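Pasting the structures here.
Below, chain A partners chain B and then partners chain C, in two separate complexes.
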Partner chain A sequence: MRSRPLYGKGLRTLSIATAVTLAAGFGLAFFYAPLEADQGVIQKIFYVHVPMAIVALCGFVAGGLMAIQHLRTNDRAWDMRSYVAIHLSIVLGVGVLVTGSIWGKASWGHWWQWDEPVLVSFLVVFLLYCCYQPLRFSISDPERQARYASVFAIAAGAFVPINFAAVRMAQQEIHPRVLSETGGSMPGEMRLAFLVCTVGVALLFVTLWKLELSSKNASEQLKRLRRRLEDTPLEAAAGASAARPPVVPARPTGGD
Partner chain B sequence: MSAPGGAPPGVFGAASAILRKDLRIELRTRESVPAMALFSVGAFVLFHFGLHRDTIQGDLASGVLWVTLLFASVLGVNRLFAGEREGGALDGLLLAPIDRTAVYVAKASALFLYLVLLELVAVPAFAALMLEPGIGGAFPELVPILLLADLGLAVVGALVAGLAAEARSRDLIVPLLLLPLLVPLLIAAARATEPLLASPAGPQDLAKWLGFMALYDTVFLLVAVAVFDFLLED
Partner chain C sequence: MLPLALTGRQYVAAAYLVFLALVLLYVVIISSKIARIEREVDTLAELADKRAR
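Up next is the complex of A and B:
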């Protein structure tokens, strides 16, 4: 039986790189990037909020691509990857909405701003992906569960750009937008800090993704080993330890 | 043992057979369309009291009409695979030597026809109950908007119905999944209808929104045809 290593490869280096990049990014954001003129220190939340939003959206789309791979190769590992990517993106999405609201309250005076197309689109996408897990776990057959989840991930991945286009089109009628808000007019120091923070959050995402995958992999392997122990003929085990009862009683391990 | 009918039918032959079966069931039981129509009239009454308005126009009217149609379509989507499920006929359908896409095409067409029928009732009812300047001025522009929106609703609705068909809590999954997916369609349809229902007809941007709806319909039709095969395996 082939067994994968229990730890994801390079997890340690990846974690260290993540910690260093994030620390550097936040350091740059607070000590190097200039204070924004009319928003003051609250604008610093931008260095968390926007990178998280970008990474979450990329995670959703990546989940869709992995789902395509799953349906093409029929390899369950791709479904697991897609599931973990979407799951982490939902977690990041909560962070995006919370930090966005805080930023909005501080700089516009409202918790929510409907004429901010990126924020609104993000909410719609987030609401859609919130159904991923209820859908997935209301299907009992694991094989079918993986397939249905992949179909959902693909359809939702196609939905993300369409939704952004629609919300933006709806807004343009009232507020013509020359530049996107994260766009061109950032001074160089701000842009550097922003880029480093984005890379840091992306690395954090990849680290957590690998960690989660290797944990799932480990529990899968544990389950398999346990099953093999149960299947071992008793007389083989009897030679070694006749007195001891054969390991754990048979039960379906509902670990995850 | 050979199939008595000779060669298995193509996608469209099979789809039309399934569609005719669905329409016949609908004609005999009268389950989906009357329920959707009643629901929409009921929703107009609720909006009347909820908004505390005797008549509405413009953006408000367009929003009420489209939100009602969207919610009514949820009912249709929920019932789309009901016949197969309750009769245990899905297995039989899957045993038939036909392309799975035929099932999708049939279900989407059935939903499209239901929605057209629904609108034949709901739009006049809406005009009579709530609309102030009357619906006459909205034609013929309203027709392509309705048809493109119906197509989008049918395309996405049949996919969601297939996705939820195996889920235990499918009555909850369908609206939760369908409504966010329909947001772009709602935006386009409501924005396109809005100037048509205003009493001095507002500036129109019809081409843009119709184009967007056509794009939406095409993208989701392609996605659905590509992935639907994986839903109804084994």
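Up next is the complex of A and C:
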């Protein structure tokens, strides 16, 4: 007997939308947006680096908001959503640091600038969240683990916008400010490509978030099913066979 | 001297490849986890059916 697929509802549609938006965004970035006068083709890194940074930071804040919901409702599903959002943001954070370093090397001649507030502040946020997983998995009791992880996610999530504001107020060194009050100095074509890329990376985040949640939910279901089978003695199962329908694993929600 | 359109193309390629590699690696890891879970669920469901018969 074969069970139904374990993927969450709407994941296929979301995956297609993500692929189309990202392809459109990168297509616009390379074939529609003009070459930047100063950096030339190197500036194309902007269309992958900045959207990843924005989505990663928003993911950290979203993880904090989901953790608030967990503490309010005591529903473990919110803790799992918060965990997956933070996990995914850390992965994007790795992408931001690596692509940023490549851009730095190409543009400034250095892989890293320690006196640049934007770079160092992002690294601080990233390293802060790198502590989340060790903290979480150092606690064996699932209830306490979820509660402590939520408290961490809320505190760290509140730090992200404060950090962002502090960097805005700091003196600009060599890293440009993209989200300025004047809307930056991007021409319309560049802005359109940037917006489509940002939407694409945001959709990618949601798709991967749902995919990992499906995996976590399925894993939880598997554990429950195994416990149920272990707890049911053979004789009891045989006696109840007439009254009970065959065990079919229910479809996980995948965070829907 | 190379024109601006060509200078540093390898850096751009590297940055986009890093993004692609990260996404692919993530999807492969999660998909393999889900596939393993699906196989285990099928096995357990079969076992449960056998026991119920």
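What we mean here is this: the second predicted complex is superposed on the first by the 208 of 256 C-alpha atoms of A that agree within 3 Å, B and C clash if a C-alpha of one lies under 4 Å from a C-alpha of the other, contacts with A are read in each partner's own complex, and residues count from 1 in each chain.
Everything that follows uses one rule, which is that contacts are C-beta pairs under 8 Å (C-beta built on N, C-alpha and C of every residue); 3 or more make two chains touch, one makes a residue touch a chain.
All of these numbers come straight from a predicted model, not from anything done at the bench.
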| item | value |
| --- | --- |
| Which superposed partner A:L35 touches (first chain B, second chain C, both, neither) | second |
| Chain B versus chain C as contact partner of A:F159, first or second or both or neither | first |
| Touched partner set for A:V91, first chain B, second chain C, both or neither | second |
| First, second, both or neither for A:S215, with chain B first and chain C second | second |
| First (chain B), second (chain C), both or neither touched by A:W112 | neither |
| Broader residue contact with chain A after superposition on the shared chain, chain B or chain C | C |
| Doubly contacted chain A residues - partners chain C and chain B | none |
| Residue ranges of chain C touching chain A (in the complex, touch as defined) | 3-9, 11-12, 14-16, 18-19, 22-23, 26-27, 30-31, 33-34, 37-38, 40-42, 44-49, 51-53 |
| Chain A - residues contacting chain B, complex | 71, 124-125, 127-128, 130-131, 134-135, 138-141, 144, 147-148, 150-152, 154-156, 158-159, 162-163, 165-167, 169-170, 173 |
| In the complex with chain C, residue positions of chain A that touch it | 1-3, 5-7, 26, 35, 37, 39-42, 44-45, 48-49, 52, 88, 91-92, 94-95, 98-99, 102-103, 105-106, 204, 208, 211-212, 214-215, 218-219, 221-222, 225-226, 229, 232, 234, 237-238, 240-241, 244, 246-249 |
| In the complex with chain A, residue positions of chain B that touch it | 159, 163-164, 166-170, 172-173, 176-177, 180-181, 183-184, 187-188, 191, 205, 208, 212, 215-216, 219-220, 223-224, 226-228, 230-231, 233-234 |
